[in-house]
Amino acid sequence: MTMNFKRIAISGRIERANTADTLRSLINLLENQKVELIIEEQTASLLQNSAHTTAPRDKLAEHADLIIVIGGDGSLLYTAHSASTLGVPVLGINRGRLGFLTDISPKDMDHQILAILNGDYQIEERFLLQASHGDHPKHDALNDVVLYAGSIARMIEFELYIDKQFVYSLRSDGLIIATSTGSTAYALSAGGPIVHPGLQAVVITPLSPHTLTSRPIVVNNNVEIELVISSARGMRPKFSCDGQALNKLAAGDKLHITRKPQPLKLIHPLGYNYYDILRTKLHWGTKLGP
Amino acid sequence: MTMNFKRIAISGRIERANTADTLRSLINLLENQKVELIIEEQTASLLQNSAHTTAPRDKLAEHADLIIVIGGDGSLLYTAHSASTLGVPVLGINRGRLGFLTDISPKDMDHQILAILNGDYQIEERFLLQASHGDHPKHDALNDVVLYAGSIARMIEFELYIDKQFVYSLRSDGLIIATSTGSTAYALSAGGPIVHPGLQAVVITPLSPHTLTSRPIVVNNNVEIELVISSARGMRPKFSCDGQALNKLAAGDKLHITRKPQPLKLIHPLGYNYYDILRTKLHWGTKLGP
Amino acid sequence: MTMNFKRIAISGRIERANTADTLRSLINLLENQKVELIIEEQTASLLQNSAHTTAPRDKLAEHADLIIVIGGDGSLLYTAHSASTLGVPVLGINRGRLGFLTDISPKDMDHQILAILNGDYQIEERFLLQASHGDHPKHDALNDVVLYAGSIARMIEFELYIDKQFVYSLRSDGLIIATSTGSTAYALSAGGPIVHPGLQAVVITPLSPHTLTSRPIVVNNNVEIELVISSARGMRPKFSCDGQALNKLAAGDKLHITRKPQPLKLIHPLGYNYYDILRTKLHWGTKLGP
Amino acid sequence: MTMNFKRIAISGRIERANTADTLRSLINLLENQKVELIIEEQTASLLQNSAHTTAPRDKLAEHADLIIVIGGDGSLLYTAHSASTLGVPVLGINRGRLGFLTDISPKDMDHQILAILNGDYQIEERFLLQASHGDHPKHDALNDVVLYAGSIARMIEFELYIDKQFVYSLRSDGLIIATSTGSTAYALSAGGPIVHPGLQAVVITPLSPHTLTSRPIVVNNNVEIELVISSARGMRPKFSCDGQALNKLAAGDKLHITRKPQPLKLIHPLGYNYYDILRTKLHWGTKLGP
């Protein structure tokens, strides 16, 4: 079942010149289609004489039935947090270099956006994680939750529990808990495997583990993950969600990570193929000749 | 729902002295329980004056409603192939050193076997893979299907397709397609991640890939994997299932790998915990002190 | 040519009870040998009624012709900095768990110390690195110099030059420049190779590199290594020597790393074998049976 | 001190069309320079109406004071074996794709060859390894000596000794003993580090080791390495030198590996830079922008 997008919000990282060009071009295109537009506040500030309705990034989803993000994969992450809560689909236009999430190129934009408005698109659900500790509010992550050392010592120590079962204690630079979407982001740099985004699985990857037999672990995403900070040392590790630094933790603190109930709805043009993107971005071998 | 085991088959690698001791001890225990026993042929040949019914290893499942394997994880693999086809559960007793599949120790055997006969056990389903090429019969694998070089050149070249989608072409020493069960076997040595056996996922891990950006990929186990051998070179790679060398392939041959419809039913004593076994076998950190 | 040790300095991390016991036992042993003793200040403060001469850790080498360190490998690192400058040999007694540098066990201490005082020992030279930036003083490292992100962003960006030749630019969590001695410390956790301490070589290992083809590089230790911090971003990475956090760097700063002219003289008991220690610490396979 | 090359031997893998073009072009160039030419036998067979002196590949060094190889890095390896014995320098012209050893491009060939004949070149020494077992003749390796499984079982078991000291026993798919030159060949695929070719060091890298704490080890190239095949199992591993399969080994056999006394003399054009080649071949980051 396809949706008919009538109110479209646009967000972009406009510090780059080519983003602004793509942005203006997209606005023209959509205005000609008689679509109601909402422009993200900061994005709008750089458009001279813009008369469009504006809204802050985390309110866009309240006013739109589609959000278009112009930028790299990183730009789409934060929009995804609020969009997933309200079930508003998101579509990403990259700035010339193909992204895993922003898979429409500026040069194909006109053609592909019109096709999508016409109902010719694929919709894919991507799950997120939620991290919380104590009474603090939950934080969303489309890519990953990362536990890492504070400013002084590099090494932290903690225990990992999955569904209340003790898995291991570890001394390391940190731990990455990534979604399948995030498996091709930071977790990949740290030695984690690629997990197909259709798999409902979480990858747990240590950062420079002191134990040489530590390995990435892939588990179902319906588990409850708990990280218990060592009480024996005066460590104050931090955690981040999608690269955004959050509260410091204290000795004995428990960080809970579970799947967010509402997935992100990600829009792709027809013909989208995950393996094509993977192969292009990782410079993998193309088909063999005859 | 627990099963009541009345006909029990026993198989063991009896070239090791301590296996024979465990075997005799197990037979005594089961005879006292008035259970009908079937002994695997080769296993029986080493028991002097054995009057028990015997059957070849791949026929045990036809005559029993439980198969007990004494040995290492490797001993259980082949029994698992026929047992899974007929849905007969399998239980493993190790030879002193804990296995991932053979998780009952000889010293706990009496107590735990009696509990299991009494209905106090856990049953866990583990999926298998099936590999076939051309009109050849399918071969089962509980751990892994491995494509690797024949005797002369070490490097092979092939294309990987998942659900008919081209993923990559690769020059490497080979490729391991492992079940979640097999993720802690050969694939782990080759740099693959640990995949929780409850996850319906397959890990594809290259062996010494020529492309440095090659990484293990984890996909849903309901996919169809196809390996197409390069036709440009005179390579004749081999493949193996659970370490057993099978047919040679020729240039252009296609090796198909899919999930076997029938899973293995693996019996564990109550209190079985996957993470405990993982931690013990990989020497991971135990709980932190106060 | 063996040295005759007449003035011996002792240093220990005395927060651990078993260190204090070993310390008292060592003092008794040396007093009976009519050796002049100098106790490190903090170490002495915990010895009640100690009448020994004391000196701060970085002055011990000025007053002694041998320094004995009781503790883990980490305890020996800082003593090594000043000891190497003055050419005073160092000997390490571990706290029960074998170290790479502290290779005398408390239980073998009496016997082995007496042998060493008697001239029965091996002396091994281990090179150090020196790191400096701008007009700041040089800092010594027996294990490693680490460039890593400051408190906010995790990823840093820099260029690597070796002997003025451009090697690469990299986005990563950091970079470890390790001595062969340090190759079994932090660099090993980050995926670096083991380098025999007799090899005059430096290992350069990236931490979670953004480029998937990044690999550890081993180069001669007589090179000049220069890290140039990216000027395009507002990054303020830090660097540490042997785990001790030092100055923050600013955009465009250059961190120079070269071999320290004076090596550390490390004393081992006769029969010392590097591979034995490696095998024990890494749980490698022992000799095969017949 | 530069050499004046008067007798030049040429060898090429002429099954590729572009190699033949480069070959003819090179012959024309050299004939115009009044240089005496010797063409490798098989190479000559494909040149119609060639009136040049010919010699088999392993005799070229006896008749020339420079050998030029046209092809990939692999083509240069075997020529290097005999050339190093007689001290005849070797120069490599690649077939369009830059090699680590064949670092002259066909498009730069005319210019660079003339410069080299004119004495404008760099000469670099690269050490080789020699492998032998029992009374068998020694085999040379510019890249690596590889111990690996025979046709049936994949896993082999052996002990490693360095300078008569026991290092470890290992179960694995094999072991790569690579020169610094070979560190960017097969050893790199297997997870080994890059070793600068100027470093007199050998890298020992396991292939899919059963022990998860196995790591590549870098040692001085003046050591004597001995691999002792397990006698406990009926294994018949093979070994290869530079990819060429050699004798099978038997249980208990000892494979000795030492540095070859005579190095290879490798000719580079002026301006040759190892790190440039590394960066190009591994797609590493270029200099950062302003």
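We call the chains A, B, C and D, going by the order they appear; numbering starts again at 1 in every chain.
By our rule, a residue touches a chain if its C-beta (ideal position, glycine included) is under 8 Å from a C-beta of that chain, and two chains touch if they have at least 3 such contacts.
As the structure is a computational prediction, the values presented were derived from the model and not from experiment.
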Checklist outcome for this item: In contact with chain C as well as chain D, sorted by label, we have A, B
Item to check | Labels of chains that are neighbours to chain A and to chain C | outcome: B, D
Checklist entry - Same or different: at the chain A/chain B interface, is the fraction of residue numbers used by both copies above or below half? => result same
Checklist entry - What is the size of the turn, to the nearest 5°, that moves the C-alpha atoms of chain B onto the matching ones in chain D? => result 180
Checklist outcome for this item: In terms of mean CA position, the chain most removed from chain C is B
Checklist outcome for this item: Chain centres from averaged Cα atoms put chain B and chain D apart, in whole Å, by 41
Item to check | Separation of chain B from chain C, taking each centre as the mean of its C-alpha atoms, in whole Å | outcome: 46
Item to check | Centre-to-centre distance between chain B and chain A (centres being mean Cα positions), rounded to whole Å | outcome: 36
Item to check | Multi-chain contact sites of chain D, meaning residues that touch two or more partners | outcome: 188, 212-213, 215, 282-283
Checklist entry - Which of line, ring, star, complete or other matches the graph of chains that touch? => result complete
Next on the checklist: Quick check: in the complex, which residue numbers of chain B touch chain C?
Outcome noted: 212-213, 215, 283
Item to check | Footprint of chain C on chain D - complex, ascending | outcome: 157, 159, 162, 165-171, 183, 188, 192-196, 198-199, 201, 203, 211, 213-220, 230-232, 273, 275, 278-279, 282-290
Checklist outcome for this item: chain D contacts chain B in the complex at 146, 148, 150-152, 154, 172-173, 186, 188-191, 207-210, 212, 240, 243, 245, 282
